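Following this line, the structures themselves.
Here chain A shows up in two complexes: once beside chain B, once beside chain C.
Then we have the complex of A and B:
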């Protein structure tokens, strides 16, 4: 742990030094009346290329190119550095041309989604460990169906001819929808168990109207409700972390295309632009 | 769809004498001649089963090979899968005592055949899109060592035997002697290099064959021979692997070697004890582990583990708590004897030692250990500390981690067997599956593990091969298709000789081996020409043996969540589980 903090401090120090050097370099460059935007734009483009190359690196993990973890650390480092360069390049102003505005927004979304992803990767593992069984994402629907089938069996298949309609009614009113797919995603994200609490209250309310056998079955159904809810909890957090990449990665590619176009345009009109 | 078909292979379809490196096929006449001479004539063939007669064991599990002057037969450090009997000529065994031992360079040690950079890269598009494609006609690629071709095989050889004999300490073994049986049966690495001096002819028997002979030989001569051989040849070197014996004077060492006792716990060739241990959640010694030294007893000597694993436990309320474990080369009871020497009163053990599964141990009697301690001058308080540090640095201390519960789970579930245990820290893992994808790319699009397995605290141990110290998956493989890689000791499955009998998969207590239906390059399932049923083969993690840079999974994890740990390495275990 101590090692981790030392490493963090060194990284921060290196980051500060490099950022200051870039700022100083640009300032010195600017007092020679040179166009600093070319220099900062080139550095920025290089940063973006490097950032995007991480995705390619992931595809060739079998080659001895250093660990993905080291690459990620460097990816984050360069990501932050790119922000300093971007701020310098855009002079912290919202540009006016349409392409520039798109570029500006894309960069920000990619950058912010990167930070968000970083935050997710640090917090979601803890959350996934805190509730429910460890289930592979792809297998969650299968598990969900199994639970649903079990519940349906408890309610319908075992039904005696003379059995009352209390459980089936309760199922149609309160359970069917719950068991059919992932539910209460927002509550899970907010770490709220209110929905579960409400359902349990409904179960308690039904209890006095059931015979002994039905009560046992209702108890078993309550266990399945807990299992299903845990599964939903696993589902939503695993889905978020997968979904996040669908935003970050494609937008990075769009950013590259826009940047290249912008760079070409800037070079072509270099003599007329500031 | 056309169905490619071949007939399902069976045990002894490919006798040992037809494997690469052999000269002639073993004939019935050659077997008869061998059986007429000692030591084979001393074995009583009546004890053997009709389906597994001595004659057939020799015919199929043994081969006769000739060696030229300087040819290396076995190398120190390699994993032993077979034993040798000298039929004619003589061999030299490299010894460590006194002079430097034969260096690796002249032993022609080489790296495994790993994919070139281009081949690795080309996996991206050359990998098959259908699962488990096999090239059934492929033959083992020959190695590319600095070698010569002789006796129908490629051999590494020592160039100037006389110079080697002058420079290095060796012992001569003549016709009628065995060697290599200790490594083959103890499932350990070879302790010495053996090369031919002049021309020699040897009988090589794969360990499955020796195991069968030992099992059915009622005279027990071979067993006695093996024990005597260990005392005579390997014991001193084995003891010296522990720092305590490093500076032991020759006279004392000789007495130790003479007086050491051998103890075996558990059953040598049955995977059952392991399975029972894992299935039985009550892992106390009362639950089945044989006790080696009881808590509170005065140790009659130090116990040194030769092969297998031992649990160190302590009474805790009304049960027992695991506080550490010992792997090969580590010792138990030293602290008590040392304290006894200091205080001049007997000191009982504060912990208990029990065997996990099959265990081989040697016991060095207390009187000799006391003598050794006095000779080493490590009885004083200051020295005591020094020796302790020294011992733990070299990994001879027991393995411990701060978290008692985790340690005991690791021992209970036998994960301490792993020399390359895959562990995923679930507090870091984002379930991105980059690790599985990397594994898949490195294995022709067939991932060798999924992110699923028991969870101990926050650690998941996926059902991926641990590369056990004592790989019981190998015990019943009829063809020897599952074997230890010569150079690194990893457990590998040879696709050419796997007959799909699933013995390894059912023996592995960690569900690390999968049986898969194999296909040809067009994706057609290959079927047995006789039964028309699909042919299966065993597959498992091979630590990316043919990939540059080793296991891809570990390198692919962006969050450093997946790591591999050698559970035999006390320092590594401590570090890995306290990140």
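Then we have the complex of A and C:
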């Protein structure tokens, strides 16, 4: 942990120094009436290409280009640095032209989604570790189905003929919908277990009306409810950690296209020399 | 404690390949994936993997271990698979969906860019923002400013690699901004040679000053080429909204090109030198002499009893509409009460342009009318203009050749043979008068030949006065000319006496006068801004010295004899007009012009590096008055000193005036130079009003808006 904080501080220090160097360079460049927009724009374009190349790095993992973790650290570092350069390039002002406004918004969405992803990558793993079993995201429907089958077995197949319909009724009334798919996603995001408590209260309320065997089965069902709820918890957070990329990655492609077009137009229209 | 959800051995793990494009539909819908998963094309592979084979009349399951191994039930008796149809509709994996979304986003972005480009030329959607207010009317026309707007995408790509595109675009700026001159793209709009010269002059006066640290560091990052051309966009950044100030630059940016940078106006700025007096005023006016001597109560009442004494500076100077300049009230309001009589010069009869020589009446018997001019002619020669008009009269030329040295003051003592020649002179003068009376300006044009262009534009014309003189002196001239041309004797009836001597007519509006006392036609200035003198001087200062020496009109006006007084300050015009009106010579073209107005009324070709606005300094809150900055110099030069370096000097003969080629063009206004310290009491870091652009123009040849 100590090593982590030292590393963070060094990274922050390096980031600050590089940012200040870029700001100072552009300021000094502007004094000589040189085109600082082209300088900052070129740096920004290089940053965007580097950031986008992280996706490429994942695809060509067989090449010895460094560890994915190192790439991720650089990706985050350059991402923050790109914001400094972007702020410099756009002078912290919202542009007026349509194309530039779209480019501006695209960058900000990509950047903010990156920040969001960075925040998720810092928080969700801890939350995932805190509850339930870590399972592969793609296997969650299968596990959910298995739990559901187990519950149905406990209620219907293991029931004795003399036992009443209390458990099946309880299942149809309160459990069937719960086990059929991912539920209470908002509550999980908000770290709330209120729904689980309510369900457990209902179970507790039912328990006095059951015989001993039914109570054992109800206890097993309660375990499956906890398992299913943990699975839902895993599902929603793993989904979030995967779905934010649906904003970040596609818009990165748009950003590259817009950036290249903007660079071409700027060079042709805004007079690079002189 | 519940048992773990997932086993990790491959035999017990179902199909999960999330990196593939397709995933099993059953996994997604029911959580019951098959082991195989879909094919790369997104097809379910489950069915095709189970094909029972017949062995010894029985069908056996042939499913491989990889696909789950042989099923317990085995094939049906008819050889069909016992498994129900478990085929599903595979779905795209998350990765594939994200990849698809990425492609879609890129496609939409590219489509948008192409729409913005819209064919052969870019649409207004490409505009990065509104242009400034001054360019708003051309905003819709990209090609008005951009070369790239005239071509397609290929042109754009070509231009990105063209280093001169900025200068090409700048050339479009100059189509409208013609006021910046021909060298607008050079630093400060002056030529490289001129820039080097100015730099050398400044370096010679360089004071030790430390450059700001930022400027020293900035010099390490590179520098725009100051020896070459600078694109307009180097300083003027457009498309930042209507309210953008296109000329705003920081002091460091201004100084980044300069060879002698300094910290600020307050610290390190070079001394102002003689500014603003190093460029003498367009109108010579010695404030010190006037305010300290002429406008003193006692002297003023004695020397100029009818003159008007100004009460304060505001009596003569008021700010213009822009507040930048202090206008000078006109001559009539400020100077006329004292100086009008000097200009009109009532004691001076005027410059003679036409005169009848003294010819004895006995010589003119039977030759028609000839007034009795005896004792009236003042000079030995005819006026120069008259000589010019008679230059191509062959009879006249033959006569003066025959007479030899002649004195026009006395043409009466000749023998009969020469008397005929004298008569020819008289007839030549009569023909001249007749021609001008009947043909007017055309006669002048014909007689002056190539010289006519020089004189005919001078107004008022002499023609009406000559015609009037003909009516007075030779009332029957037409008849006389007719008889003379037919070589007939002139009848006595035509020889009527002209108007008696002593008549004098002067047209107060034209300046021309006919004097019957000496039979001359003279010109005397009608007052301030006399048109003929003004026109002649404008012409004279533009001539070179050699051609001016040969110029007859110049000799007329520059001859002190012609002016009537040997001790006058100068020739008629130069002595009067150029005592107050200065002459400027363009350093580039070498052409001179007289400053008739106190402020420039035409495009100034002189370098204007500095500007100053009076109104803000005189506003009530500033507690300043004129004397706060303009302090009289008790050692200031007087008008005599000024004239010693005036534009005109006498030649070696001391008879004529010539243009002073080495004129210092110096004129003090009688004030001490304004010191930088005086300005910096207000313009300092505390008030944050010491920007370079407050006082300095970048475009030194920019046309200034004059205020009348």
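A few points about this structure:
To be clear about the criterion, the second predicted complex is superposed on the first by the 262 of 274 C-alpha atoms of A that agree within 3 Å, B and C clash if a C-alpha of one lies under 4 Å from a C-alpha of the other, contacts with A are read in each partner's own complex, and residues count from 1 in each chain.
In this text, a residue touches a chain if its C-beta (ideal position, glycine included) is under 8 Å from a C-beta of that chain, and two chains touch if they have at least 3 such contacts.
None of the values given here were measured: they were computed from a predicted structure.
For the composite obtained by overlaying on chain A, chain B and chain C can both be accommodated side by side without a clash. In the superposed model, A:25 makes contact with chain C only, not with chain B.
By the document's definition of touching, of the two partners only chain B reaches A:129; chain C does not. When the shared chain is aligned, no partner comes close enough to touch A:87: not chain B, not chain C. In the superposed three-chain arrangement, the CA centre of chain A forms the vertex of an angle with the CA centres of chain B and chain C, and that angle is 120 degrees when rounded to a multiple of 10. By the document's definition of touching, of the two partners only chain B reaches A:64; chain C does not.
After overlaying the two complexes on the shared chain, residue contacts for A:223 are found with chain C alone; chain B is out of touch. In the superposed pair of complexes, A:137 makes contact with chain B and with chain C alike. In the superposition on chain A, A:120 contacts chain B only, with no contact to chain C.
When the shared chain is aligned, chain B comes close enough to touch A:72, but chain C does not. When both complexes are overlaid on chain A, the residue A:238 reaches chain B alone and has no touch with chain C.
Within the superposed three-chain arrangement, the count of touched residues of chain A is higher for C, of the candidates chain B and chain C. Of all Cα pairs spanning chain B and chain C in the superposition, the closest are 5 Å apart. Shared contact residues of chain A, touching chain B in one structure and chain C in the other: 136-137, 242, 245. By the touch rule above, chain A contacts chain C in their complex via residues 25, 27-34, 95-100, 102, 106, 133, 135-139, 141-146, 223-224, 226-227, 231, 242, 245-246, 249-254, 256-258, 261, 264-265, 267-274.
Contact residues of chain C toward chain A in the complex are 2, 4-6, 14, 16, 18, 23, 27-33, 94, 97-98, 101-106, 108-110, 112-113, 116, 122, 125-130, 142, 146, 148-149, 155-157, 159-160, 163-167, 169-170, 214-215, 217-224, 229-231, 233-235, 239-241, 249-250, 252-253, 256-257.
Those residues of chain B lying in contact with chain A across their complex are 117, 120-121, 123-124, 426-432, 434, 437-438, 441-442, 450-452, 455, 458, 460, 544, 547-549, 552, 554-561. Here chain A touches chain B in the complex through residues 58-69, 71-72, 120-121, 124-126, 128-129, 134, 136-137, 238, 241-242, 245, going by the rule given at the top.
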